[in-house]
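Per-chain residue numbering starts at 1, and chain names A, B, C and D are given in the order in which the chains are listed.
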Amino acid sequence: MTAPHARRLVAGMVGGGLGADIGRTHRHAMQLDDLFELQAGVFGRNPQASAEFAAKLGVPEDRVYSDFREMAEREAARPDAVDVVVVATPNDSHFEIARAFLEAGISVVCEKPLTQDSETAAELVRIAGERNAVLAVPHCYSAYAMVRHAARMARDGKLGTILFVDVEHASGWAATPLELSGHKQAKWRTNPDIAGFPSVVGDLGTHAYHLLRYITGLEAVRLSGRLQTLVPGRRVFDHSTVELELTGNVPARLWAGMAATGHNHGLRIRVYGSEGSFEWQHEDPHHLKVQDLAGATTVLTHGLSTLSDDATRLTRVGLGHPEGFLEAFANFYRDLAEVLRARRDGTPVPERDLSFPTGVDGLIGVQFVEAVAASHDNDSAWTVPGSATALTQSASLSQ
Amino acid sequence: MTAPHARRLVAGMVGGGLGADIGRTHRHAMQLDDLFELQAGVFGRNPQASAEFAAKLGVPEDRVYSDFREMAEREAARPDAVDVVVVATPNDSHFEIARAFLEAGISVVCEKPLTQDSETAAELVRIAGERNAVLAVPHCYSAYAMVRHAARMARDGKLGTILFVDVEHASGWAATPLELSGHKQAKWRTNPDIAGFPSVVGDLGTHAYHLLRYITGLEAVRLSGRLQTLVPGRRVFDHSTVELELTGNVPARLWAGMAATGHNHGLRIRVYGSEGSFEWQHEDPHHLKVQDLAGATTVLTHGLSTLSDDATRLTRVGLGHPEGFLEAFANFYRDLAEVLRARRDGTPVPERDLSFPTGVDGLIGVQFVEAVAASHDNDSAWTVPGSATALTQSASLSQ
Amino acid sequence: MTAPHARRLVAGMVGGGLGADIGRTHRHAMQLDDLFELQAGVFGRNPQASAEFAAKLGVPEDRVYSDFREMAEREAARPDAVDVVVVATPNDSHFEIARAFLEAGISVVCEKPLTQDSETAAELVRIAGERNAVLAVPHCYSAYAMVRHAARMARDGKLGTILFVDVEHASGWAATPLELSGHKQAKWRTNPDIAGFPSVVGDLGTHAYHLLRYITGLEAVRLSGRLQTLVPGRRVFDHSTVELELTGNVPARLWAGMAATGHNHGLRIRVYGSEGSFEWQHEDPHHLKVQDLAGATTVLTHGLSTLSDDATRLTRVGLGHPEGFLEAFANFYRDLAEVLRARRDGTPVPERDLSFPTGVDGLIGVQFVEAVAASHDNDSAWTVPGSATALTQSASLSQ
Amino acid sequence: MTAPHARRLVAGMVGGGLGADIGRTHRHAMQLDDLFELQAGVFGRNPQASAEFAAKLGVPEDRVYSDFREMAEREAARPDAVDVVVVATPNDSHFEIARAFLEAGISVVCEKPLTQDSETAAELVRIAGERNAVLAVPHCYSAYAMVRHAARMARDGKLGTILFVDVEHASGWAATPLELSGHKQAKWRTNPDIAGFPSVVGDLGTHAYHLLRYITGLEAVRLSGRLQTLVPGRRVFDHSTVELELTGNVPARLWAGMAATGHNHGLRIRVYGSEGSFEWQHEDPHHLKVQDLAGATTVLTHGLSTLSDDATRLTRVGLGHPEGFLEAFANFYRDLAEVLRARRDGTPVPERDLSFPTGVDGLIGVQFVEAVAASHDNDSAWTVPGSATALTQSASLSQ
């Protein structure tokens, strides 16, 4: 059941102002379980607009700041400083904003891709470790109850040895040159200065790649990537296919696309093992299809009494009552809240091997983007991604 | 987008204490769009437990009451009285609790079935009208965006003339004698004193029947019902099938079951017209399957840019990002909030033909239960349900 | 595997000439396993056209007859008489044609509804018994491998006690007034003189009803029926819903429709038991969805090594290679061939509780149509269908 | 409708004896439309067993031969020689057998992969051209009505410009080391001497690749391949993923697997264009899912009156009546029969751009296998497959 909130955590936000989908999604997600209250922020570059928007959100006037630096400085100085700040700005500003808060010892939720290169991403991870702040990256799809159940099955060997993984995040949202018609998100996501040339890999590929890692527990040893621009005139790559070799010589494939005509969302993963296989897709997130060696398919549903505790603890409503994207996002915040509250209250952090993604995951995502781009530039030659895993995950979680 | 909350509406609750799923669901739903704050209540019969639970919810101590009568009296006397009270107790107490608040001029959200007989249900509708209070019944399934789109299509004649309707709410939750093992909800739902003998019709049949009415705009002219107990030893009927004749001689069928072995939830509706047909089911709520005369099926998804405004205005996240049960429930509260705020602020109530179900709908539901039972007692003879529609819906909505 | 044909059975046909879908389907089905050769027939009322068509089919000239009476007489007189005659004419001629062959001691496959009233249907069953001829009715849907598996599961108690059955054969083929545009089949199926007023029950309802009986092994004790004409101006009923009480007080529902707008074919059955439930639908015939008490769904596929022998023996190709309608129809003929060959060769007839439908099944179908019509005429009062089951099935199968 | 057979074509077979699935499938397929009669053959290496099997099939004793050479010689000498011979032996004998008949001027249907290397495959194509014989390769999946409709849509530009193709033929049939337990097909398919090291590419990959080419009309310009052995101890590769660059710089992916645990059959293709996309999968072959730019999905069904003539002419039964694998295979033979009969009777061959695959397609398939193996050996470097398309397809079809 919903944890009673005792004293809610205090959150701040940078970006996510009027009309920004992602900011609204974060707020819904924080609100759903009533674990956070939004009490500070910078909601855009225009101070007047930011203040008006903040007022509507119920953010006290004196905690609406003119820029993130001021916010970091003044919040850090308050005895009742925010417990966490959400960075929901376009990609090119992630690094500076996140760094400012982490350096001030304030925990950060930063959208993916964490930064624009692995050096800066690694720096964020390092600072978070040094300043004992949490750095979390909202790969929220890994917070669906059925993804957690899948991950538990894979980790517990229910599929036997993993043999092959196929993952794709291929959406049709930008199958037309939306950016020419003034679509705000399309504009910056197709601007190489903001989103990078391999934009689609940073935006969608990192989600797919994280999902693969989260469910299987495997890492990429090397990869071969291809980038393509399917929509004529587009300034960034909008299509990418990657072949991977995972730990233990396990082959895998990844497809990231923003011009997959007709797809609504298009995140899907299939994992094949020596004893069985399963498939999960985001457009039907409350089911997991499991196949056995003989070829029978069993459909497991969110809420079944027979699921693992990893799924059950993230289930709010009864069997057959779907939960959706906002609940998954709220699950991310619920797991984060456990850690933030333990830190705030000086109580032990619950130990979970299946929890929220951290800065290390964010860094690995950036290294993945870089490796795909490097391989592409080298005619798809096999390329070894940076070895972020050398940095222990505990770096950002230890107290 | 989420309506900015300006000043949130103040809600109270009776019932829905520790461990009660339905109370928690109402709270999640009120919270999701941040339109309500829960500030008063009676959370169970044990005052100590009620107070402790209230504290966890952040309800001020002085607005936790020992019983609903005290609450109605004292809240009505406050200048900052609650805007609405949610009645989330077992069926047999709905009437007295709802009446107390309505008589005090306080708006009420009352779970279905509204009361245990149509006389008392009609009395609630009458009182609500007299005291100018809103009486709303959370048939929340009608608040799914795709149900709204379906209703719009049907109302706008996109199916041509409606020819046949088939609806079912057949769950497997009580396919075993759960009540013998101490399952709390099963216990009262199989107790004829609390749930009535046609328990399954009151609990699930009323949802199905409301969905049929909501989508098609048609009412039952007469019906023929059958009640059955499928689980041996059960004290109430757990299975019912009903044949209906709707306005304009349109045939329809309804199946309500709580022992439909293997079903997870099992709410589904199919509507056939002279030009096309569609199907919606709750276990895949973000899709609507539309079939044309030639036999091609088109699957519409929540979030498509081509949907009606009735669906679009209830869409929080992007295409392909599922919303679920809590969002639908929150949609109910969002529509209710529009009316309550207009009343509070003295602004005009937005006119909508597709909004939340009112006390009249609740009354019609009770009349439906009675008619099914009467028909069953008369060897399934055709029976005319009470004519609640004579009461105008505006009775409970007018200011 | 395909039984080697040794000596093929010799078949004749009445009706099914040029352009008749059903005749072609029978020929494909007989041909698929190479168990029959078509060697005699009357392919329409025009002798010239019949002869030309016969020539194309490779039927010897001297076995093309001018009418069915001549055919019955002359074939019966041949030492190499046909082993079986297929009656594929419109409904109103079934009785006289089938009677002629049965009286001549020739086995008959007769399309449903067997005849236009139960008296004549019973007479056919009686004659078949007296003359020791096989009378088979091609309710071919019961010959799908997965239907056989379902029937085996139900018979073997894999669902526990059967609690409820829901079956429908609701097609959209006549959702428009096709008969006005000269559509041949539509013309006679909407002519009450040929198809009877409850045309849709005879045409589609009998298939659905047979499927229910075949899978569950239960019979109707009483029923309550409704008939309706959904397409304005149509001369017969094109929509019917029936409530049934089966053996052992098991409730059931049946929907037969030829104006179910948008449906392609629309035969589907769901069976609920105390331990599980399953669903089969004709538009996805090589799967069977089985649900357990907890709510998990397992999808079984035609060809799985774990299926019952009843399914496996009717499987021609490998797992994942779909078989369709013609294969199901060929399965009917394969089962029939077993019996016909045993009779021809004087070898024992294999004992099978799941084999092809006989004249008794055809008679029960006609009684069903009559009971639905009688109930409808009596304002849907509960009506007891004729008790055909008193006639033992062995009547038509015994040697 | 079924073409009347006038005089059936005479077929012979090499291989496909007792217990051989593929031989039985060919016979079913030839039989279904009654266009061929099997009148000659070599059904295995044991003359006694071959003769007995032939007798069961109704093949005249004097046309059962001791080996394929004798058969080719003696059949060629007969005035009533076979019109076509089906080669249904393991891969390593295809070349010699096919060559013998082609050199004798007899048309051949040869299973894929056509031969074990492109040199021999090209030789077969050359001989067929010289001797004016038809050489056909039964990539039967391209003969499904809905695949034909898909190909027509793609060819007619209904998807706009093709942007990306994803195809897979990934079955779970050999997910365990079946070959160790004496499974006959598994034994030779995992024997590198018979099936070649890239066995899975030859067996399943060639089907997938042909489907891609057939539907899109595009050819591979270069490819990058990976081969893997997923089942420990297996002597051949059982898993392969290939990245392709098609004509016009269109990216594509292909996955061929025989150890895709849990998959029943697993042939599926998705094609994305600038105006829409579609998906077809073999386990649901009578539907085609088409998606538009907005994101709506329309499901087209085999038998819809609105389909292209390419689909309609291959439709035997009514809307909603599924056809399966045997019907698709029979479609291959129906198209082949058109050509063979025209040649036999000296009438014009109907012109069709969507017909059966020829020897050139078989050669392209072999070149594909070779290119994947070569790329794999070169650490997945981009590799140009042999340019078979220089040989005109008409080579084997012209009279």
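In this text, contacts are C-beta pairs under 8 Å (C-beta built on N, C-alpha and C of every residue); 3 or more make two chains touch, one makes a residue touch a chain.
It should be emphasised that the depicted structure is a prediction, and the values quoted were computed from it without experimental measurement.
So which one's got more C-beta contacts, A-D or A-C?
Looking at contacts between chains, A-D has the larger number.
Comparing centres built from CA atoms, which chain ends up most distant from chain A?
C
Based only on mean CA positions, could you tell me how far chain A sits from chain C in angstrom?
Computed from C-alpha means, the inter-chain centre distance equals 56 Å.
From the C-alpha centre of chain A to that of chain B, how far is it in Å?
36
Between chain A and chain D, what is the separation of their C-alpha centroids in Å?
Between these chains, centre-to-centre, one finds 44 Å.
Could you tell me which residues belong to chain D and also touch two or more other chains?
If we look for residues of chain D contacting two or more partner chains, we find 263-264, 295, 297, 301, 319-320.
Note which residues of chain A are touching chain D in the complex, please.
159, 163-164, 166, 172, 175-176, 224, 226, 228, 230-231, 239, 241, 243, 251, 253, 255, 257, 259-264, 272-277, 290-293, 295, 297, 379-380, 382
Note which residues of chain A are touching chain B in the complex, please.
Touching chain B: residues 1-2, 4-6, 19, 21, 24-25, 27-28, 31-34, 56-58, 171, 173, 263-266, 282-286, 301, 303, 316-327 of chain A.
In their complex, what parts of chain A are in touch with chain C?
On the chain A side, the touching residues are 294-301, 303-306, 319-320.
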